[in-house]
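Two complexes follow with chain A in common, the first pairing it with chain B and the second with chain C.
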Partner chain A sequence: MAKRLKILAVCGMGIGTSMLLKMQLDKVIKNLDIDADVDLADISTARGMAVNADLIVTSNELVDRIGDVTAPIIAVANFMDLDSLTEGVRSALKLD
Partner chain B sequence: MSEVISFLVDLLSVPAILTGLVAFVGYLAMKEKNFSDALAGGIKASIGFFILVAGAVTLIGSLDVLGPMIEEAFNVQGVIPNNEAIVAIAVGEVGQAAALIMVLGFVFNILFARFTPFKYIWLTGHHSLYMATLLAVTFSVIGLNGVVLWLVGGVVLGFLQVILPRWTQHLATKVAGNDDWTIGHFSSLSYVVAGWVAKVTGGDPDTTSAEDMDFPKGLGFLRESLVSTGLIMLIIFLVPALFLPGASRAALGGGSNWFVFLLIQSLTFSAGVAVVIYGVRVILAEIVPAFSGIAERLVPDAKPALDIPVVFPFGANSVIIGFLSSFVAGVVMLLIMGPIGLAAIVPGLVPHFFVGGGAGVIGNAFGGRRGAIIGGFVNGIIISLGAALLLPAMGSLGLENATYGDADFQWVGILISLIGRLFGG
Partner chain C sequence: MNIKELLPVERIALNVQVNDWEDAVRTVGRLMVDTGVVEERYIEGMIATAKELGPYIVIAPGVAIPHSRPEDGVITTCLAFAQLNPPINFGNEANDPVRVLFALGALDHSEHVEALKEIAEILTDQDQFDKLLNAESLNEITAILYGD
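Let's look at the complex of A and B:
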C-alpha cells in the first residue's frame, strides 16, 4: 500500500478559493479512490509547504508566483469543472 | 444538578468550545467520517478559535500606536478597513453569539435553499464568520441579546446567504457565460452597482475588452495578502509620522529610533493579520466541508455561491485595472472625507484588490475597458463611505481603529443601526 498522498490547495489568502478547491479535490479523491489529504495554503507560505506535498493545485493566475517546486502543479481555470480537474489529478499523479 | 447545568453553560459560553463541538457534530453527521476524524476535527476547530484571538492581541498593540498618531497629526479618527482585524477584536466581546449565529446561519441557509425559490448554498465560509460577527455586534448594540439575538442573527445571515447570490447571479452569468454558479462574497452591492454603471456608461464589451490589451503582470504580488498588507501598513504608519511635530515624532519609539519603531509596528500588524487568517483557516477547514456535504445531500439542486476570485480567470487584466482604479478612488475619498467631518478611511490594499478586482472583471464584462475602470472606481467610493458610516453602528467597537472593508458588511450594519433607532425612539 502506497503512503497517504498530500495535496496542497493554494490561493491568495488560503481561506476562500483554496477551500473551494479542497472541496472539489475531496470529490476527485473519492471518485478516483486515492488515499490523500488536502491541505490549504496561502500563496506566501505555499512554497515552503510544497516541500512535503505530492501535488499542488491553484488557480491559473497564481501558478507563476509559486515558483520552482518539485511537486507537479495543476492550474485551474474553471473551479466548477470537476471533469478536467479529475483528468488533471489523474495525469499529474500518473495514475494510469 | 444545578452544578452540572452551570458547568455546561460555562463550557458552551466559550466560543472556541462551541465551534469545536459544531465541527464535531457536523463530521458525525457526514456518513464517511468516523469518530476519531470527528474528534480531531472538533479539537482543531477549537484551537483555530484561540489562534484567531491570539492574532487579535498582536495586532491591537500596533493599532494602539497608530490611532493616536493619526489623531495628533491630522486631527481625525484614522480607521483601517481590515475584516480580519475587526473580526478578531470583536470576537473577544461577542464570540459566543458570533459562533452561534454562524452555525444557525448555515442551518437557515439550507432551509431557505430547500423551501424558497432562492436555491443557493453559500460556500465562502470566512465571510459567513465575518458577517456573523458583524450581526452579533450590531444587533447587540441595538439591544438584542440571548436566544433572540442568536435566532434573529441566524435568520438574517441565512437569508443574506441566499438573497445576495440571487442578486449577483446575472453578473456571474454574464462573466462566465453560464449560470452554474454565482458570486458568494459580501461585496454584492459593489458588484451590482459596478455592473450597472459599467453597462450604462461603459463601452462595447466585445470590441473594447480590457483582456485584448497588453498589460503588465507585475502587480500579481498584491495577491499575496502578507506582502500587500505589510507594504501598505508601512506607508500608513510613516505618512502620519511625517506630519507629527518633531518632538512627538522623536518620542514615538521611547528610547529607540522612531523609524525602526514604526517599521516594527507595521510588520507586527501584518503578522497579527496573518495569525488571524491562519486561525480562520483552521476553523473553516473543519466546518465548511461538513456544511457543504450536508447541504449537498439535503438540497441537491442548489447552486454554489463562491468567493470572488472565481471570476478572476475571466479577466486577468481587468483585475489589475479594477484594483488600481478602486485604490485611486480610495485615496480621493480619504482626502475628501476628513475635511467633511467623516473618519479618515485609509485605503486598505486587500479590499481594494479583491473587491476592486472583482468589480473590474464585472465592469469589463458589461462595458469593456472603460467599464472596468468605472466599476473599480465605483467600488472604491462605496467601500470608503460605507466604512465611515458603519462606525457608529458598532458601538464601542466603532472607536477601534479598524473596521469592515466590504460593502455588504457595511450596509447591513448601517441598516440594522437605522432600524434600531427607528424602534428604539
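Let's look at the complex of A and C:
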C-alpha cells in the first residue's frame, strides 16, 4: 500500500487563508482519489514542518518566504480555482 | 458557526468608497470594533499583517480576507463584510482590483471553519459571486450570504 502523503497548506497566520486552502485541497485530493492529509502551517513554522511534507501549497505572494525545502511547492494565485489547483497537485505529485 | 452567526447585518457595508487598501481594511475593521467583537488594535494588526507578508490576503480575483492573530485583540470569533465601489488595488497582481472584503477575527482554529466553507462555496459559484459583487441592497446581500 502506498504511503499516506502529507500536504502542507501554508499562510501567514495558519488561520484564515491556509484554512481556505486546506478546504480546497481536501476537495482536490478527494477528486484525485489520493490518500493524503492536509496540515496547516503559518509562515514561521512552515520550514520546520516542511521537512516531513510531500507537497507544500501556499499563496503566490508567500512562496519566496518559505525558502529552501525539498518538497515541491505549488504557488496559488486564485484559491477558488479548483481546476488549476487540481492540475498543480497532479503535476507536482507526478500522478500521471 | 456559519456566516449568519458570525456576520450580522450590523457588520455588512455596501457600496463603500475608500482611498486605498489600508482605508478598505480600516473601514471593514471599524465594523468589527463598533460591534464590540474586536479591540481597536485588531485593525492595525490586520494592516500590519498585510504589510509584513504582502497582499496574500487577496485570495481570488476581487476578494480579500484581511485577518490577524487571535492575540491581536479578537474578543469573539467574527466576520465583517464590505463591498467596495470603486474597486481598490491591494498590490496583488493576479487578483487586483479588490471588490469585496471578508474580514475575519478568529479565536481558534475551529469556530470559523464552517463559515469559511460557506464563503468558499459562494465564491466558487459564479452566479452567486456576481450577485455578491453587484448587490445594491442589504436584502440582496443577506440572501446570498445567509442563503435565505
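Everything that follows uses one rule, which is that the second predicted complex is superposed on the first by the 96 of 96 C-alpha atoms of A that agree within 3 Å, B and C clash if a C-alpha of one lies under 4 Å from a C-alpha of the other, contacts with A are read in each partner's own complex, and residues count from 1 in each chain.
As a convention for this text, a contact is a pair of C-beta atoms (placed from the backbone, for glycine too) under 8 Å apart; a residue touches a chain by one contact, two chains touch by 3 or more.
What you see is a predicted model, and the numbers here were worked out from it, not measured in a lab.
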Superposition on chain A - do chain B and chain C clash or fit:
clash
Touch test for A:M13: chain B only (first), chain C only (second), both, or neither?
both
Once chain A of both complexes is superposed, is A:A92 in touch with chain B (first), chain C (second), both, or neither?
neither
Check the residue A:L82 against both partner chains and state whether it touches chain B (first), chain C (second), both, or neither.
second
May I ask you to decide whether A:Q24 touches chain B, chain C, both, or neither, giving the answer as first, second, both or neither?
second
Give one of first, second, both or neither to describe whether A:L5 is in contact with chain B, with chain C, with both, or with none.
neither
Let me test your reading of the model: by the given contact rule, A:V69 touches which partner, first (chain B), second (chain C), both or neither?
neither
I'd like to know which partner A:S59 touches here: chain B for first, chain C for second, both or neither.
both
After superposing the two complexes, find the one stretch in chain B that runs into chain C, choosing from 8-16, 44-52, 170-178 or 260-268.
170-178
On chain A, the residue positions that both chain B and chain C contact, one per complex
11-17, 19-20, 23, 40, 43, 59-62, 65, 77-80
Where on chain C does chain A make contact in their complex?
49, 52-61, 63, 65, 67-70, 92, 94-95, 104, 106, 109, 112-113, 116-117, 119-120, 123-124
Can you list the residues on chain A that touch chain B in the complex?
11-17, 19-20, 22-23, 26, 30, 40, 42-44, 59-62, 64-65, 77-80
Contacts from chain A onto chain C in the complex sit at residues 11-17, 19-20, 23-24, 40, 43, 59-62, 65, 77-82
Can you check the complex and tell me which residues of chain B touch chain A?
32, 123-127, 180-181, 217, 220-221, 223-227, 277, 280-281, 284-285, 288-289, 292, 304, 306-310, 312-313, 316, 319, 354
